[in-house]
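Read from first to last, the chains carry the letters A, B, C and D; within each, the first residue is number 1.
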Amino acid sequence: MTTVFTDPDEAVAGIADGSTVLIGGFGMAGMPVRLIDALIRQGATDLTVVSNNAGNGDTGLAALLAAGRVRKIICSFPRQSDSWVFDGLYRAGKIELELVPQGTLAERMRAAGAGIGAFYCPTGVGTPLAEGKETRVIDGRTYVLEYPIKGDVALIGAHVGDRMGNLVYRKTARNFGPVMATAAALTIAQVHHVVETGALDPEAVVTPCIYVDRILDLSAVEGTS
Amino acid sequence: MTTVFTDPDEAVAGIADGSTVLIGGFGMAGMPVRLIDALIRQGATDLTVVSNNAGNGDTGLAALLAAGRVRKIICSFPRQSDSWVFDGLYRAGKIELELVPQGTLAERMRAAGAGIGAFYCPTGVGTPLAEGKETRVIDGRTYVLEYPIKGDVALIGAHVGDRMGNLVYRKTARNFGPVMATAAALTIAQVHHVVETGALDPEAVVTPCIYVDRILDLSAVEGTS
Amino acid sequence: MSTVMSTVEHLDRGPLGRDELAALVARDIPPGSFVNLGIGLPTTVADHLPPDSGVVLHTENGMLGMGPAARGDEIDPDLVNAGKIPVTELPGASYFHHADSFAMMRGGHLDVCVLGAFQVSERGDLANWHTGDPGDIPAVGGAMDLAIGAKQVFVMMTLFTKDGTPKLVPECTYPLTGLACVSRLYTDLAVFHIGPEGVTVTETYGTSVAELASRLEVAVRPAGSRDRTKGAIVSHVHPAADHADHL
Amino acid sequence: MSTVMSTVEHLDRGPLGRDELAALVARDIPPGSFVNLGIGLPTTVADHLPPDSGVVLHTENGMLGMGPAARGDEIDPDLVNAGKIPVTELPGASYFHHADSFAMMRGGHLDVCVLGAFQVSERGDLANWHTGDPGDIPAVGGAMDLAIGAKQVFVMMTLFTKDGTPKLVPECTYPLTGLACVSRLYTDLAVFHIGPEGVTVTETYGTSVAELASRLEVAVRPAGSRDRTKGAIVSHVHPAADHADHL
């Protein structure tokens, strides 16, 4: 059952040190900024973060990194013009990086959510990112064996949720949210507002409520514009 | 690019003997009856059909079977009270059956559409349906290696399409349609009606137009109620 | 959070009827669970879930939030359950395609599924899809996916066949659906919990644990009894406690 | 349906400018194609697609039917392309999540993707994600997925580095993005087709095939020439013919 929160700190309560945290968003689109800020206050450390990028500027994920809470990041694109926080930590040897092609990153989380033990993926064959990985030729094509990435927690940003926990997204802010929601033991979504159960079109629900444990209703959070 | 047809026979033109044909529907919900009827008239034979069931009553898929066009059927549930056509052919040794658990059937088609070479699946481990299949223990759990099912053609039923080929479905008639659309070289969808491009909500499109080659507009087909 | 329970022997009454059995299963489904009810007898469990239970029903043909069977004008050929019976939609429902639906099942997101069975073994192996009779056309549907996918698999069946052969067995003789997947077995005569410590009886109806033990080839123990092999108290967690928050 | 073409040498002009290069790529994208344009130079190809081309643009962060860059009031932080630049939505657009978007790419559904490159090898190996410099932070994004996923991979780049080193090479020295994936190479000086028969030049700009051959370590042949190794006519299918109906 999904619980709706209006206090970001309550929404992230209980995240343990050493957790693997999946963080949605592609650049700033779909980034669960309020949840990340609350996670910083909450204090969990020694985290493994899975996210497409490695933080922008000095806020959100970058602030989590700057606070020294992240032991390892699994991502596809850590090198952005404003990723100076990650850059500094990486060059100082203070953070571990696992670089994964973007589609493989998404598919490995999908596999975790879908109960798939491993899958043969054509991406990256013959490249440094496949080095040391098991390969197999199937029907004349070479594939790399890839394993699921499961989260202890997922922090995602969605557009609207209902009281049961169903979610819809908006435009390209959808990105990793629906996949991460399936791949984590505990999924926490921030939404712009929460509607009554029955107000979302059942045909258009993107993340069914079964995948959502907690919702932070931004419209009810103090200080949210 | 998607072509809209108003003649069922034109919509199925060119399907070759020996094709693997994915046929949507779960029972009658989402069953592309008009396309199957046209396929019978079209005459392609020696087909491998992939569908959840093995035909009901004497129409649709059952009629295709009765016409002797199907060499092999890959399905999860061929034994229904009104599956007498399949029943007779099977007992007479006139049709080959590959029985696949329903979720594995869907996932194997998804793999074909998603470029996955094979995947380790926990379903069926230790049962007769996994006999002879490769297994692997991953993190203490046993999985069976499953391969993609790719279609030459998919025949599916959707609710509404637009001129570009985007599709939406209705309630549980969605079932296998979206997955099959991704898994076939040629996807043909029958829809209740076709709307102008731009009339479908981009957030609610279930099958993006890239997966749809031909649409049969039932509202324009003579003799359709 | 585990509570040691004692077995309750209902000796002053007969075996459970089908409706009573369904009510018993419904009682043990924790509020707010996501549940898949198999075709046939398990479907009737829905009729016994309290309206405020918050239980959300999944049907493998692509829906969460399934309502009761459709009647009259409610019947819509596009809205059916896994048994192809017309059903209804409840507020908060959602639809998804087959690959997503079975990803949900296989991925372990359903709290409970309730299935019928031909046989269940003492290790929780399930046989419910095929009699193995060469004259029978095999058909599996979603049975194997449900068996391995749900967090808990409850089975409903009569404990004996009409000719008195036990269906709770040391080893299934029918073709298997899944290995070590059944956690609870609800029968007309008794409720069994199946786990690493073996088979324990939590309730009997019109019979006693001792009588059951004499009629079965499987070693069954009352709940709360000492496991002689391992020297541990056999304990049972109340269903609701299984459903604690993740953290 | 293959047509043997002859190489066109444009000797009466200089090399192509960036805009001319983008226009050339746009010309070769068959009408109605589904296309992904990589970050940077490839993005500019969109400006040269005729309005009636029916080309549908994909962006890997979850959209088909992407329109031009957003300006002024059109800017919406929820609607960006793979380069995180605000874009617009065209009629007939659709949104999907990342796993679905990359399934579309990996599954071979895109007709063409256009990418930039550090190097391309004579077998069509692509290097475009990492200089290999130990001081560089590696970042791959969707480059590897695009390289192996699209039916045809077109690369746009200058043919030589600023210091005159060829970027079309016998063997890439930069870390690879994908093996044998590039089918066409569009450069300021020439257009190359890469296939099992080797590298052929279809057009040159401000240079000749002979001059290119002398500056490259890769064996390049004019189109329509006889392959001495195999004795076969090297032929090129016109792009539009690649796009025939499936049946």
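One rule holds for everything that comes next: a contact is a pair of C-beta atoms (placed from the backbone, for glycine too) under 8 Å apart; a residue touches a chain by one contact, two chains touch by 3 or more.
Remember, predicted model here, so these are calculated numbers, not experimental data.
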item: Other chains in touch with both subunit A and subunit D; value: B
item: Touching both subunit A and subunit C (chains); value: B
item: Where subunit A and subunit B are represented by their mean Cα positions, the distance between them in whole Å; value: 33
item: Chain centre separation in whole Å, for subunit D relative to subunit C (CA means); value: 56
item: Centre-to-centre distance between subunit D and subunit B (centres being mean Cα positions), rounded to whole Å; value: 34
item: Two or more partner chains touched - positions in subunit C; value: 89, 95-96, 103, 105-106, 149
item: In subunit B, residues with contacts to at least two other chains; value: 107, 110, 114-116, 121-122, 169-171, 202-203, 206
item: Category of the chain touch graph - line, ring, star, complete, other; value: other
item: Contact pairs between chains, per stated definition; value: A-B, A-C, A-D, B-C, B-D
item: Touch list for subunit A against partner subunit B, complex; value: 107, 111, 114-122, 136, 138-139, 141, 143, 147, 168-171, 201-204, 206
item: Subunit A contact footprint on subunit D (complex, rising order); value: 59-63, 76-81, 84, 89, 95-99, 101-103, 105-106, 125, 130, 136-145, 148-149, 175-179
item: In the complex, subunit A residues that touch subunit C; value: 1, 13-16, 110, 112-116, 162-164, 166, 182, 185-186, 197-198, 200, 202-203, 205, 208-211, 213
item: Residues on subunit A engaged by subunit D in the complex (per definition of touch); value: 26-30, 52, 76-80, 86-87, 90-91, 97, 99-104, 106-107, 109-110, 121-129, 159, 169-179, 206
item: Touching residues on subunit D, where the partner in the complex is subunit B; value: 31-32, 34, 54, 56, 58, 64-65, 89, 91-96, 102-110, 148-149, 245-247
